[in-house]
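Per-chain residue numbering starts at 1, and chain names A, B, C and D are given in the order in which the chains are listed.
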Amino acid sequence: METDLLIIGGGPAGLHAAYVAASNGIKTIVVDESFSLGGQLRQQTQRLTNLPKQFDSQIGITLMQTLVERLTDLDVTILSKHTMIGTYKDGRIGVSNGQRTIPISAEKVIVTTGAAEEAFVFPGWTLPGVMTIGAAQIVMNREHVIPGKNAIIIGSNDFALEVGKQLIENGVSLQGVIENEDQLIGCKEETIQFLKEAGVPIYQNSYVTQASGAGEVEKVIINHNGSEKEMEIDLVCIGKGLTPILEPFEILSCDFAYEKDLGGWLPQYSTLMETSTASIYVAGNAAGITNLGAILLTAEIAAISVAESLGRQCKEEATEKRELLWQELYHLESADSKAKFHGRIKLMREFQDNVDIQLSKLFNMSVGGV
Amino acid sequence: MAKQYDVVVIGSGVVGSSIAFHLSEGGQKEILVIDKDYPLSGTSGSTQAWVWVHNKTPSWYGELSMLSAELYPFLERKIGDVEYKRTGGIAPFFNESDRESALRLAEKQAEVGIEIDVLTRDQVLEKEPALSPNIAGATFSKIDGNVNPFRLVELYIRAAKKNRVQFSFYNPVIDIKRDKGIFEITTKKEVFRAKQLVLAAGPWTKGVGKLLGVDIPVKQVRGQILVTEPLAPLIKHTIGGMRQADNGEVLIGYSKEEVGYDRRTTLDVIQDTAKMAVEYLPDLAKANIVRCFAGVRVIPNDGQPILGEIPTIDNAYVAVMHSGITLSPLVGTVMTELLIQGETSIDCDKLRLDRFSEFKSYV
Amino acid sequence: MQIVNHSIPGKKSEKEITFSFNDKFLKAREGQTVAAALMANGIKKFGISRKLQQPRGLFCANGRCCSCFLTVNGLNHVLGCITLVEEGMKVSSNDADPDVRRKANGD
Amino acid sequence: MDASTIVCKCEEINIAEIELAIKSGANTFDDIKRLTRCGMGPCQAKICTNLVRQIISESLEVPLSEIRPPRLRMPLKPTRISALVGNEVSSSVISVFSESAPQEDDENHG
């Protein structure tokens, strides 16, 4: 197959990039591993408050529908159930659906493979019934199946607490949030208040010493402030956080950098969202773990850059659009975490000399202290 | 003052670590092995690890391979279980017209004592029912087998360490000088001195040779290998092109590309190799490939091992060859004889570096 | 357990289908993954690990960790978390290394 | 942490085995992988990468930022051989037998 633009990943970043690119007359293919588009939006029932101004505040599931539906009349080919498995010598990308492998020749590629959840480990973490917090959310909100009756959550970031709330709303008995630190990591007051009112015990300075059971998890022992407590539990949700998915970038020979605040190792990229391998762009959580607003904006920046390099937008127009998008990204991302945006600028500066010139307006706008 | 050793070996792959281990068996010498990375990070860790004899030609080369394969059971008694299995080797052919050259091969190899059976299609399928009914026949020899390369190198090193061999890892050699007959080896971490120096750095020997002022005439050849998920027992023999490891994984691959030190895999070769896999073993179609890897092999310009003294530099030696896994027990033994007694128990003249007409030394 | 009245109204199909797990017939809803369909029937253990023979089930739900391997319609090591359940599908647990030999499969 | 805790779910490698590999001198994920098989199974280190990096970091007292992930390999997910078999004529792969004929050109491999 041949195309102007190949997008790897049909989550929010991939879908939004496809829309922006195809709206500029770019022939686009989106490859997605799953049986339906939307990525992690498919199970997000919480209201998204940090979206770019072009989107109304809404929940993930409806945003997913919007992002998919508006591709209908555009020149976008969707290859669902197809996974990028590698590359050919001549740079073509191989995707497979389990029955055959198709080489795709693309002028430009945007990789939006997102992030993966990390794991806390303890004896017994491999038992059925122990899963990532994201998996529990998928089972509950996308599959409409109760993942367990009596649950604990290990870790207390905002996402873990939010899913904890959703578990309770669906009738699961949440018997504790286990946090290793001496305070909660998450800071959304509303969610914390909900959990408190629901009577969920918060165990700080605590960790799981063991999960056990015959065939599946039945019992968990936690260490709380040095003393052990046994709990009858059939669902253990691990909420450690996210890290960018790196595999496609390594296969595409992209250089990596380490930025703790963006989730660890990730591909280097410029203010165009182009990686060290020419014509390979990155967007979304793969470019650093962030909120949904920034995920969509990085996708738009990448798509504009692709449009520019394919001659569908003139340099001036593209530059101005990118500056506006970076400004909005700055505001949306720093509202959540200043450190993330700083990390992003640091990453780009280490890769590209003229970041400050590229983002001139942003830096002139009293933001300069970055 | 830099620490001085009797012998410094550069390269801790299967060849370097075998030489160090065999040398250390006498116990008299102070030995150091230097590696730019960690054992198994290079060629020895990215191989199918056949101990393969029967169609190594010319026949004197087959004979060396056979002698080495015969040493493996004794080696295991000394260093431990390296999962050496003399499975027998099958090299299938698909056209009846190949039978004649198979018979010629058998005749030639018989002269040096390598026993080869030229099998009919039915005989092959009886031995190895999973092979494709489309094959015409195969050459077969009992002497072939395979080994776990990870265990092999690890156990060579463990045994060498027990004999007080020193190892310096993650430590590239930057420069080599000679001062009053003593080698002065500058590495990233420190400077070592050595009375005798052995270059055993596989495909990287060319670069190390340059530091010493010698051109080692070798090429780098990339081989890509596919690994299946562990499968229930499927094949018993080492088949030219694939083998099944102890844990059930089937390793498949027989590609060659001259692309320097580039160790990336490509879907072009992966797909070609998959095709070969099902041509040989149709049942493999259902198996999942979980990973592919590429190794940079070293191939001397004329294909044969380069082993022995470096003619223009006293006390400098080289041991570089394509089939390091097959030959490592023999090479370790022979190099030990050479370094200690100055001569070898088997004739190694054909392996000398100065057999190459273009042999160059800048010294 | 299937959720009937989800706190957020989704579009999950209500169409019921029948599949089997280790020769036992079970119900699922169209559009569910095999992994979720099993969990809806109270089955969390999908197989056993190959070295220590420990139970395994859904872990990442994103097709990455391979912990949910199942045998589906005779094909071994299928990812249960990204495969949709189908009417009449024969699912069995992943208890041993795949045997790909023709004879083993009755071909 | 209990040293018998599994880190690599696929190959069932525990913390003690990783620490032993580090003690014997390995200090990158790839080198530990070849000694222990950690990360060599079907998921190809997708789950254990950062767990192992953490252990290396703690054992060697090196910051996490200096410990790279392992080399990530094709295919990016387990792929059936039947799905890989292409229609193009094989070019880069030759058979062992075709190379072994005892003619006078004497290249040899394996």
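By definition in this document, contacts are C-beta pairs under 8 Å (C-beta built on N, C-alpha and C of every residue); 3 or more make two chains touch, one makes a residue touch a chain.
Every value quoted in this text rests on a predicted model; they were computed, and no experiment measured them.
Looking at C-D and B-D, the interface holding more C-beta pairs in contact is that of B-D. Note on chain placement: the centre of chain A and the centre of chain D lie 26 Å apart, centres being C-alpha means. Separation between the centroids of chain B and chain D, computed from CA atoms only, is 20 Å.
Spacing of chain B relative to chain C, judged by their CA centroids, is 44 angstrom. In chain B, the positions touching at least two other chains are 229, 265, 267-268, 270-271, 284-288. Residue positions 49-50, 54, 56, 59-60, 63-64, 67, 77 of chain C are each in touch with at least two other chains. Multi-chain contact residues of chain D (touching two or more other chains): 9, 41-42, 46-47, 74-75, 77-80, 82, 84, 86.
Taken as a graph of touching chains, this assembly is complete, with every chain in contact with every other.
Note for the complex: chain D touches chain C at residues 9-12, 41-43, 46-47, 77-78. Chain A makes touch with chain D in their complex at residues 33, 83-87, 96-101, 116, 118-119, 121-123, 125-126, 209-210, 243, 246-248, 250-251, 256, 258, 260, 264-265. On the side of chain A, the complex with chain C involves touching residues 33-35, 45, 59, 61, 116-117, 126-132, 134-135, 138-147, 166, 169-170, 215-216. For chain C in complex with chain D, the touching residues are 49-52, 54, 56, 59-60, 63-67, 69, 77.
Residues 85-89, 94, 101, 103, 253 of chain A are the ones touching chain B in the complex.
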